[in-house]
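Structures given as structure tokens follow.
Two complexes are shown next, each including subunit A; its partner changes from subunit B in the first to subunit C in the second.
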Partner chain A sequence: MQAPAKGTKRRSISYAKWGYIFIAPFFIAFAIFQLIPLASTIYYSFFEYYRSGLKVIGPNFTGLSNYVKLLSLDLPKYLGNTMLLWILGFVPQIIISLLLAVWFTDNRLRIRCQPFFKTVIYMPNLIMASAFAMLFFALFSDNGPVNAALISAGILNEPFRFLSSVAGTRGLIALMNFLMWFGNTTILLMAAVMGIDLSLFEAAEIDGCTPSQIFWKITMPLIRPILVYVMITSLIGGLQMFDVPQILTNGKGNPDRCATTMIMYLNNHMFSKNYGMAGAVSVILFIICAVLCVVIYRSTNEDEGRKKK
Partner chain B sequence: MTTQAVKDKGAEHSRHELLARRIVSYVVLAFLCFLCLFFFYVLIINATRNHYQIQRGFSFLPGKSFMTNLKNVLADANIPILSGIKNSLVVAALSAILSIYFSALTAYGVHAYDFKLKKIASAFIILIMTMPTQVSALGFLRLMTNMKLTDTLIPLFLPSIAAPTVYYFMVSYMKSNLPMEIVEAARIDGSGEFHTFNHVVLPIMKPALAVQAIFTFVASWNNYFVPALILTSNKKKTLPILIAQLRSADFLKFDMGQVYMLIAIAIMPVIIIYLFLSKFIVAGVALGGVKG
Partner chain C sequence: MRKHLSKALALALAMSSLASVSLAEGSVLNVWCWNDEFQSRFNAYYPEVKEVAEDKSTTTLNDGTIVKWTINPNADNNYQNKLDEALLSQESAADDDKIDMFLIEADYALKYVDSPYTLDVRADIGLTDDELAGQYKYTQDIATADGVLKGVTWQATPGLFAYRRSIAKDVLGTDDPAEVQTYLSDWDKFNEVAAKAAEKGYKMLSGYDDSYRTFSNNVSAPWVDGTTGKVDANIMKWVEQTKEFTDKGYNNKSRLWDNTWAADQGPEGKVFGFFYSTWGINFTLLGNSLATPVAEGGKEEVGNGIYGDYAVCEGPQSYYWGGTWICAATGADNAETIKDVMTKLTCDKEIDKQITLDTQDYTNNIEAMNEIANSDYQSAFLGGQNHIALFAKSAEKIDMSNAGPYDQGCNEQIQNAFRDYFDGTVDIDGAKKNFETAIMELYPELTEVVWPE
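What follows is the complex of A and B.
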């Protein structure tokens, strides 16, 4: 389509070569650093291959036994933990972000100092997650500043041991995930709301719609594709949750392994050099992500098709 | 007239309602800003206080131990902070350069040329964009072990050549900002394809390159999972691993002033970059819509 104006057929063929040359480094790097490793990860998942003391057992082909072991043992618990931690952070995140996006873009409300607010709420997204978790660990430890402040304010009589209680640990992880991501989501949703034709809002106002009617009947349906996109990327990000719970609980996920996520479980197997089990965990994660991608791609493509028509 | 009176009443009612909504929204915003800033405020305050002051409780005023804490952190042999900063900087800078250059190159290849596999290639990159790299971490670790690249920084930046999200941003940017007429004109002037890319296309892409360089730098600076698998010797470790080490050591034996100082050192460079470029970065987030 973009063939050069004076180009003969021969000339455009010689340009095609450049297309391959230019995309080659990307695909070579992708093949070496991701495709081949993925293939060998899948391969290892069918083997008994671990270290016991100084002895290396395997690799012996054992078929699906790693998967059977996984599904009957710990995996459901850790997948459940991961999903629960994601939901605890995501629900407040999407509600607050929608609210802020609507407020920031409301022409009658005219929020001042928007650049300042946006700068502040996006900032936690750039913080090193491991350092952020370490900070929370120090602040919320049994004799840390938060407990000290709560006691001196008379709210508590004795320190609340956040990291020894299931709700406290999960709550802190959810709070960190919320803080790190709500600014990002707000900015994305704002861009979506600002993309809506202004005359729709004006017409609705003239017709006497209340702000909540405008929100549910105009804003929400029109930003649905972006909402779906935000939810899916957030879900995939949630499945990768690692840094925050790993550092906060020192890799143990305690109390009662309530904060051990899928990637933490994978990480434990890799450090103990149980390659068979690590492979099986990876493959299960890969399948979940692949399914998610396909489901989401379908729904977003439908939306786009409808919008174009 | 009565209709006029009704209208006035309605207008007054909606003015009150607007005021109420405005108050609610400012209160919520102020609370969220407090949440975002409070923890960092405590971090900075505590980094300037010594261990005993911190143990005694929280204070809103900074102490006088900033330099002492800094000196202690730098002198601590168990946590090689200087080499940590250097390693993190090297990895993050090289990742940023490699990912923006090669992503722009790939995007230009797809944008500017027609070739048989073009559609498949671009669809493939978009499809893998959301796939987490952790799923192939085991194979990656094994491969790096076989190639004798563990405990080096190479496996941490070289894979950045293939960065699907950066590619996606570049392609979208080219679609709206790179007219092919410019490329045609360069060709007529006798510029080779690589020369055109380096000297005509890249300058036009500068804003996109800068935004993505910042994002890649930050992501790499903050990365913990893969470096923790690859790096084993103290001298090679990056900052997030040192933070993790701090967490797994016996916490109570630590000088808390040092702990807060180390966290501040890990976080502050990014915050300082951000404070200077926040407008630019926030605009980049809204523009791209795609980020790791």
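What follows is the complex of A and C.
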């Protein structure tokens, strides 16, 4: 804004303040509902603060003892569980989504009734995760429909106890995550592929590229930014996985705590309102999340930087 | 203008005085519970009930008091979480929102009894020793802290073993309770019958948790001593027996309250028997035994499912299982109504006797129970047996001296941790370690867990 002539000083309008006023509501809400709780979580993670029955114990400052206790106990195991469950669900998800995205956007294939397919694959995302988990719990229980079907088809002699076996429980959780999210990923990747200039594909075909070469040399590099976005958001969601394993295993993470994720572990501490330990788990999770996201971001964007040079 | 103002003022004053008169004792009685068991008893047997709302959310009493039911289901510790938050903010709550009465279970009774959030039933509410004299002493022992009684109950919960008459006839040749008891009078004999039942294609028990209470009630020390968790030798006996039963196929690998367990109690089930206490028989077993549930129009009578095919005997050890106590919350503003409810439902012999006759629940009145025990009362559900007589014998043997505030968490977690061991997913050391981890998460003040040799 240029300063007006001396005589018209009174009429100088600064629009800057309106900008601040418009973004103020967000920042106020952010401060109250996210910043202050965040600060108090980090603060209490250095204290011993829980309830024994109805008696509040603490807050007593104990420094890093909560973190030491966590890292020496089972936190690595639960972190491993969380990452494993995420990978088991994410790998099929990204493969199938890429495949579907390429098929749906292929000019030569021209798949018909696309809106119908897109709606159907997106639908599992709309179901509440806890309802979905309850459904699977009933379906795969010892005398549930799936076992009954397998026995009557002659594939099994006696019911396979899905929820009492480590592989069964983890597999079910991965399956649920896959079903819920592959629709979303497919739509995103389709949008990414449709943003690629058609003339590139035509030029490649004229040059005699096979479909797989087109996929790896043209499509994949050009949809990289969206792929990175999908990976990061999926990773964050995966690290915070809670509702599906919690409902499926009834909060216990059984068998043998193989399905206990970090947030379920945090939730266990809330039984005794243990703000100290829960805060420590939250902080550790936050650090891990931040580190992993930075790693993914750097490793996928570094190539672009090199290319530009 | 002034005329209108003064009229408005007068009206306002009149209304506020009206309001203060009706709020003299607090016109809302807030009761917190986790299911509708107490609500049904209250609505059916409390003499001052005038009418029940359509959706059952409130009950109106003869003096105009409205009883407001707040029911928070127990799953995932939901009931206690909500109750704790409400109790801790009781002082700042509005008068009509303050909790007046709340229910607690035996497993975690001491958590509330031993806190300043419950009122003294004698000094603050006004129940007299005379009125309380008719109750079973153990029901008062568990709700007493430092000599002060904080809760009363309308139930006594001795446990028995409920068996299928038809299966007993097939396996043992008899279904008479006294004779069946000779075959089940101790654990060794019980295990022998299990082997016999397996030969004929029956399972002795439904799942892993069925016999747990019988073992856990006969321990010799409480769960926690100071900050050390101590697992009793009797609990390890439960582990041994269940592992043996699972390996030999004597049980159906179910969990308490799951679908398989419920189905095993019904017409399709092939399980010899279930350990059940008083409330279990009428609240759970009866419903599960019907082929057509009551909700679908089925009647509770012989011919519907296996109604009538069950009988009870004492079993290998006497035990109790749970029970619900009524407590008055500190800060409650309806002391008179609370006193009346407590007196009528837990101390009145005639009302308690009627409850038992109608619902087969075992009530907390020694005289009434003995009367029924000695009468020719017959339970149609149990094929004509007078099970009250058996319960009366068992009720006298109940010993709650080893109950403690850590019972709920420890009972739940040990069954949970060892389920993996029975399934074969972990070995016994893994199960022990999982239990220790779980217990120290639940109760951060514990420092270690000690196992018996």
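Everything below uses one rule, namely that the second predicted complex is superposed on the first by the 275 of 309 C-alpha atoms of A that agree within 3 Å, B and C clash if a C-alpha of one lies under 4 Å from a C-alpha of the other, contacts with A are read in each partner's own complex, and residues count from 1 in each chain.
Operating definition for what follows: contacts are C-beta pairs under 8 Å (C-beta built on N, C-alpha and C of every residue); 3 or more make two chains touch, one makes a residue touch a chain.
What you see is a predicted model; the values in this text were computed from it and never measured.
Set against each other, subunit B and subunit C differ in how many residues of subunit A they touch, and the higher count belongs to B.
By the touch criterion defined above, A:I87 reaches neither subunit B nor subunit C. When the two structures are aligned on the shared chain, A:A16 is found in touch with subunit B, with no touch to subunit C. Of the two partner chains placed by the overlay, neither subunit B nor subunit C lies in contact with A:M220. Once chain A of one complex is fitted onto chain A of the other, the partner contacts of A:V291 are absent, as it touches neither subunit B nor subunit C. After overlaying the two complexes on the shared chain, residue contacts for A:N268 are found with subunit C alone; subunit B is out of touch.
Contacts of A:G251 after superposition on the shared chain: both subunit B and subunit C are touched.
When the shared chain is aligned, no partner comes close enough to touch A:I95: not subunit B, not subunit C. Shared-chain residue A:A203: touches no atom of subunit B or subunit C.
With both structures placed on the common chain, the touch criterion links A:V68 to neither subunit B nor subunit C. Overlap of the subunit B and subunit C contact sets on subunit A: residues 141, 143, 251. Against subunit C, in their complex, subunit A makes its touches with residues 48, 50-55, 57, 73-74, 141-144, 161, 164-166, 251-252, 254-257, 268-269, 271-272, 274, 277. Only residues 18, 21-22, 25-26, 28-29, 32-33, 35-37, 39, 42-43, 46, 54-55, 57-58, 102-103, 105-106, 108-110, 112-118, 121, 125, 127-128, 130-143, 155, 158-159, 161-162, 167, 180, 184, 187, 193, 197, 218, 221-222, 224-225, 228-229, 239-240, 243-244, 246-248, 251, 256, 259-260, 263, 266-267, 270-271, 274-275, 278-279, 281-282, 285-287, 289-292 of subunit B touch subunit A when the two sit together in their complex. Touching subunit A in their complex are the following residues of subunit C: 76-77, 84, 87-88, 111-112, 114-115, 117, 253-254, 258-260, 263, 405, 409, 416, 419-420, 423, 425-426, 430, 434, 437-438, 441-445. Taken together, the subunit A residues at the contact with subunit B in this complex read 1-5, 12, 15-23, 25-30, 32-41, 44, 96, 99-100, 103, 108-109, 111, 115, 117-124, 126-139, 141, 143, 145, 148-149, 152, 179, 182-184, 187-188, 190-191, 211, 226, 229, 232-233, 236-237, 239-240, 242-243, 246-247, 250-251, 263, 266-267, 270, 275, 278-279, 282-283, 285-286, 289-290, 292-293, 296-297.
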